[in-house]
Amino acid sequence: MIGLNHYLIVSALLFSIGLVGVLRRRNLLMLFFATEVMLNAVNIAFAAISHYYNDLTGQMFAFFVIAIAASEVAVGLGILIVLYKKQGSLDLDELATMKG
Amino acid sequence: MENILSVLVFFPAIAGLLGFVVNKESARVYGITVAAMEFFLSLWLWFAFDGNNAGMQFVEMIPMIPDFGVSYYLGVDGISLFIVLMSTLMTLIGMMSMNITKNIKNMVITLLFLEMTMVGVFLSLDAIIFYLFWELSLVPMLYIIGAWGGPLRIYASIKFFLYTFMGSLIMLVGMLFVAYIYHDLTGVWSFALTDWYALVLPVSYQLWLFAAFFIGFAIKVPMFPFHTWLPYAHGQAPTIGSVILAAVLLKMGTYGFVRFSLPMFPDASVIAITPIAIIAIIMIIYTAMVAYAQKDMKQVIAYSSVSHMGIIMLGIFAMNAEGIGGSVFQMLSHGIVSGALFMLVGVIYDRRHTKIMDEFGGLATVMPKYAVIFGIMLMASVGLPLTIGFVGEFLVLIGFYQVSPIMTILAGTSIIVGAVYMLSVYKKSFFGPITNEANKTLEDLDVKETMSLVPLVMIVVWLGVYPKPVLEPINNSVKAMLSFMDEKAITQEAKDMIKVAKSTQEIK
Amino acid sequence: MENLVYVALFAPLISSLFAALFGMSPRQTFVGIVSSVLLFVSMLASLILAYHVYQTGMPIHVTMMEWISMGDLFIPFGFLVDQVSVTMMSVVTLVSTVVHVYSIGYMDHDKSFNRFFSYLSAFVFSMMVLVMSDNFAGLFIGWEGVGVCSWLLIGFWYHKPDQSREENPSISPSWAANEAFIVNRIADLGMLVGIFILYWNVGSLQYDEVFAALPNLSESILTAAALALFIGAMGKSAQFPLHTWLTDAMEGPTPVSALIHAATMVTAGVFLVIRANPLFSMTPEVSFFIAALGTFVAFFAASMALVNRDLKRIIAFSTLSQLGYMFAAAGLGAYWIALFHLGAHAFFKALLFLGAGNVMHAMHDELDIFKMGGLKKQMKWTYIYMGVASLALAGIPPLAGFFSKDAIIETAFNEGRLVLWAILVVTAGMTAFYSFRQVFLTFDGDERYKEFGIHPHEMYKFVLVALSPLALLAVAAGFFQGAFHDFVTRLLPEYEMSEHTHHLALILGAIVLVFAVGGIVLAYKKYAKGLRRDEKVENGFLYKLLANQYYIPHLYEEIISKPYKMISDLMWKNVDLKIVDATVDGIAKFLYKSGDGTRKMQTGNLSSYLNWMAIGGILLLVVAMLSAMLG
Amino acid sequence: MYEQIAFYLFSVLTVILFLITVMSKNVLYAMTSLASGMVLISGFFFILGADFLGVVQLIVYVGAVMALYSFAMMFFDATRDVKEKNTNSALVFILGGMSALVLVLMFAAPIFSENIQALYPMHPEVGNAQDVGIVLFTKYLIPFEVAAVMLLVAMIAGIILAGKKMDQSFTQDMSVDEEILKQKDTK
């Protein structure tokens, strides 16, 4: 029988894949994809917990995660476009403007 | 005038704020006037003070954050009364003798704010208010050292600030924990000291809390080995900064021990007697030796301060009325004497722009008045009878003798080593022929300097000959505190160690 | 009568304050005169008090006001005029008055004339507080007060530069002053400890209460208290090993040496032992130690005086030696004899010093007796005074010294301490020798001073007249032995010679006299005809040892002063700066460095930030896991 | 039984698809695999009985977000391979591996408390959407409204950011910037 742990492990694996992407990617767009992966991984965990504990709170959280992810993408992509217009590239390594 | 204490605390600060609109030329006069008014207010407090009442007087309490028991809570007793008087007096005298010309207005305003924090520390009976003033007092001092100091002033002021700040943060944790325990036991929050006094804590709690408070106070005192900020601060500070620092700010530490550590943690204090006495003896002898090795006159006085603070620490942990009362008196005595000595060093520094003793020699010939006043202060510093220095030192030593004769003898060497460094300073600077051409044309004390030093000389002699008006209120409060500690102590050892004066019962 | 007590006490203080008013103005003779008159008033008051006490036998006790009151400690300013203190008061005020008058002449040319009188009178005030106080704390006030005045007066000529020890054994007045103060402070610590012991065991510091409570105390406490108090006395009275300051104190003006370092302050130690006699008579071991130390110092100091060439130092050594006699008497329980010798000694020693002052004045501050000789022609009166004083010192009958010193030596015999007795007898001979060696070298023989182009002249007339009371007393004081005995033994314990000693008294006296006369004769043969220096003796080991004061000052410098300085430097430069402060700075530096180091993390590169974030997240996860597993 | 098959199938597929997303050099591939992975995740939601969530996932993610991404991609050159220098891939995989390990260890261990009470229990007799709706519009009303406002703000922000001209600022006075630039030039 598939238990909660199964879902959580899948979620963990997906999360780690997202993390690898975040660490590995230099292209900002790809970075965004990787974060989406992580968010989705977390959503699976929420939904699974919600299911196995018979509690809607998990799903609620998943909704809000989705909402936030959507707004993040909206704003993020806007910034990316601005950046691309300015820099002509989406490479992270060229964005050293945050150095103090 | 029921809210005399609030007036005392906030009058200098408000006057300081108004000082921003005073024009530059009259800033000094304005400052002196305000400080004098403040001093007369504190004198008035003394006259209104009931010397036979050992408890808190003129109490004011206004709840500030009722949910957490923080209140604006002031009060004065025999222990704090004279320290407040001494603070206002030294601010006034320091202001009078001040010869800073650069940014004088800022200096005056800073000093007035500093005065508020000093008076506030000694008058507050609420831990949070106490802590507030305690920390606030660092800021004006930091500014004074950092803005008017010598070449190393930034290093010195930062060291002073961070060192004491670190200590007081640990103390804050202790305070919060006491409040937490209080809440745990009684169900209400309170930061009022008088509430905390009623708290009987297990010995292990007491030890930890004692340690937390100890670090805060010990750095301020400063106790060995936390003393190294002091020589730098004194060495770099302008004269007025050194005067206030030595006279008042150091007393905050020892006052803290008397006000917080002893009554709140009697058992832990008794356990701490031996370690603290050992540290105090190291302070006395070691720093006296270091003082003897100094080349810079001001550093000698700075290290001698540490040495004298050792005497005060020893007396506080004598656990009898003689010792604690002697310590409180010695706080006053050291405040006045070391303040005067720093002012005297400032006098010669203004003329020669050096404090190195090798540059001097034979000053007694060219500056006789200066030499006389220096000599009197020197004698008070080494504890000559009939000067203010003797009374406190004698009481402290006689008090601690009951705890440990051997340690008293070791601590008593302070009268020898103290004489060694002080006399060698005097000999190097004032005796001998005038070897340095630059010294031949030095001018003796001018009117301003004489006006500010002579009152101190008079106090030194007056309180040396007739200390009763000061000793009596101190005596009553200290006796009451001791009998309270004795009742509160849990362990038998502590009860044995805390000696309630036989005459306490009569007062009750 | 009570008012007289205050007059006797405060007249010197007023004198001091009056002189201090003019302290910075140039020399004004009236300052000296006013001071002397006030001192005279004090003397009169003391003498009237003495007469009163003699007549009624009742001590006068006044309490002026409360001084320190804290806890159970209560110390008043109380003054007690009884047989002992009134004797001291009379001696002190009498000698002081003479010295004040003398100083008007002696300090004539000094520009700090007024200041001198201020210090001198302050000293007298402190000394009066010391002897008159009715409690140990009050005694300590005076004790420290005389110490400070002594510091001021020794260092009176503070402007003199430091010299090497070879040129001037006491380096400089300011150096000598500091030495005196610090050595006295060492002893004062002992005294303080004694006071503490008494306070915590008795609960009071008043003499009467303390002495009344003594029988209830255990022997060890009594011994400790007596020993501690005696350490205090050792410092003030310059007993071995705290004696070096006394000869160095001769750097001060001569009237100071006469008043402080011969007649009054140095006898404060003896006074303390006499005052606290109930304590000391209950501690026989300590008393015997006092007697033995006194005897030793008597001999020890006399031996150094034998070869010294400095006029004032010879007298200083003799003072030391006589103080030894006094302690010997006090230690043996003959307190009244000690007090008697104290008084007699004060008179003739002050006279001797003041005479030496005349010589110095005449010789333009030259002190080397090898450079003097034949001065009796120019200075007849001084010669007579010093001769009389030396005879008294040597113990030739019927002068004062004979009665008092003989009584001490007799006491030693009476107590069966034959070793002490023998040493004291030999010392008496040495005393006679060195005092007359000095007299002959100064006043007899060839006029060696001429080589140095000095034209000596006699002192002012009024000074010589002022010295006459001292001379009179030095001659006549001995005759009052009986009356004095009756007077003071009302307070002090009676001391009577045993039958056996009484029978031998004449023989014993004769033995002492033989030694004394022998010493004088020897000195006459050797020096009266002029100075013949014997190179061989002078280069001998013993001579050098004595001339260098047994190398004790050198020793102190090598094992105390220099190491102290060295350790102080070490403490400062190595311990305070390199260990304590470096630790603090080290912690601060570590924080700075770690900040500096981690600052490199902030590259501005987002991906490396992400790496750090991931590392942090994983660390948190690990911690969470571990805590879950462990918890 | 079919649930098990579906779970394993979806698991394997999502892992593979997301790996492609993370590893691929081509943006187009990455995006396509991401979109298909998300579809499969909605599959998980359906298995778990969270029908409404699954639908939202499909509409919002696969529909809206992916549309945004593809529009955004039109601004960039999507056909070219993304050139990335992977300096420290060892670190990346160690970190990723470690986190996976730790998380899996944590989830594999039976560390859950058995007696957790459901705050908002589900009611199997009514539909999931109804349940969700009731909770969302009662207890979570305010967060829901806030989320709505946030989405609105994000939309406006996205439009402004993407649409404004780059050489003009709507918010600050450009002359200041020019002065700074001039100063830099003169240096």
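Some observations on this one:
For clarity, chains are labelled A, B, C and D in written order, and residue numbers in each chain start from 1.
By definition in this document, a residue touches a chain if its C-beta (ideal position, glycine included) is under 8 Å from a C-beta of that chain, and two chains touch if they have at least 3 such contacts.
The model shown is predicted, which means the values in this text are computed figures rather than measured ones.
Setting chain C aside and leaving every other chain in place, the chains that still touch form these groups: A, D | B.
Among the chains present, the centre nearest to the common Cα mean is that of B. Work out the mean CA point of chain A and of chain C, and you get 92 Å between them.
In terms of their C-alpha centroids, the spacing between chain A and chain B amounts to 60 Å.
Averaged Cα coordinates give chain B a centre that lies 63 Å from the centre of chain D. Here the spacing of chain A and chain D, counted between their Cα centres, is 4 Å. Shown for chain D are the residues that touch two or more other chains, namely 91-92, 95, 99, 103, 106. Of all residues in chain B, none touches two or more other chains.
Residue positions 19, 23, 25-26, 93 of chain A are each in touch with at least two other chains. Chains that are in contact with each other form these pairs: A-C, A-D, B-C, C-D. Contact residues on chain D toward chain A in their complex (touch as defined above): 3-4, 7, 11, 14-15, 18-19, 21-22, 27, 30-31, 34, 37-38, 41, 44-45, 48-50, 52-53, 56-57, 60-61, 64-65, 68-69, 71-73, 75-76, 82-86, 89, 91-93, 95-97, 99-100, 103-104, 106-108, 110, 112, 116, 118-122, 131-132, 135-136, 140, 143, 147-148, 150-151, 153-155, 157-162, 164, 166.
Residues 159, 162-163, 224-225, 227-229, 286, 289-290, 292-294, 320-322, 325-326, 329, 362, 364-365, 368-369, 372, 379, 382, 384-386, 390-391, 394-395, 397-399, 401-402, 405, 408-409, 412-413, 415-416, 419-420, 423-424, 427, 430-434, 465-468, 471-472, 474-475, 478-479, 501-503 of chain B are the ones that touch chain C when the two sit in their complex. On chain C, the positions that touch chain A within their shared complex are 599, 602-607, 609-611, 614.
Listing the residues of chain D that touch chain C in their complex gives 88, 91-92, 95, 98-99, 102-103, 105-106, 111. If you check the complex, the residues on chain A that touch chain C are 19, 22-23, 25-26, 92-93, 95-100.
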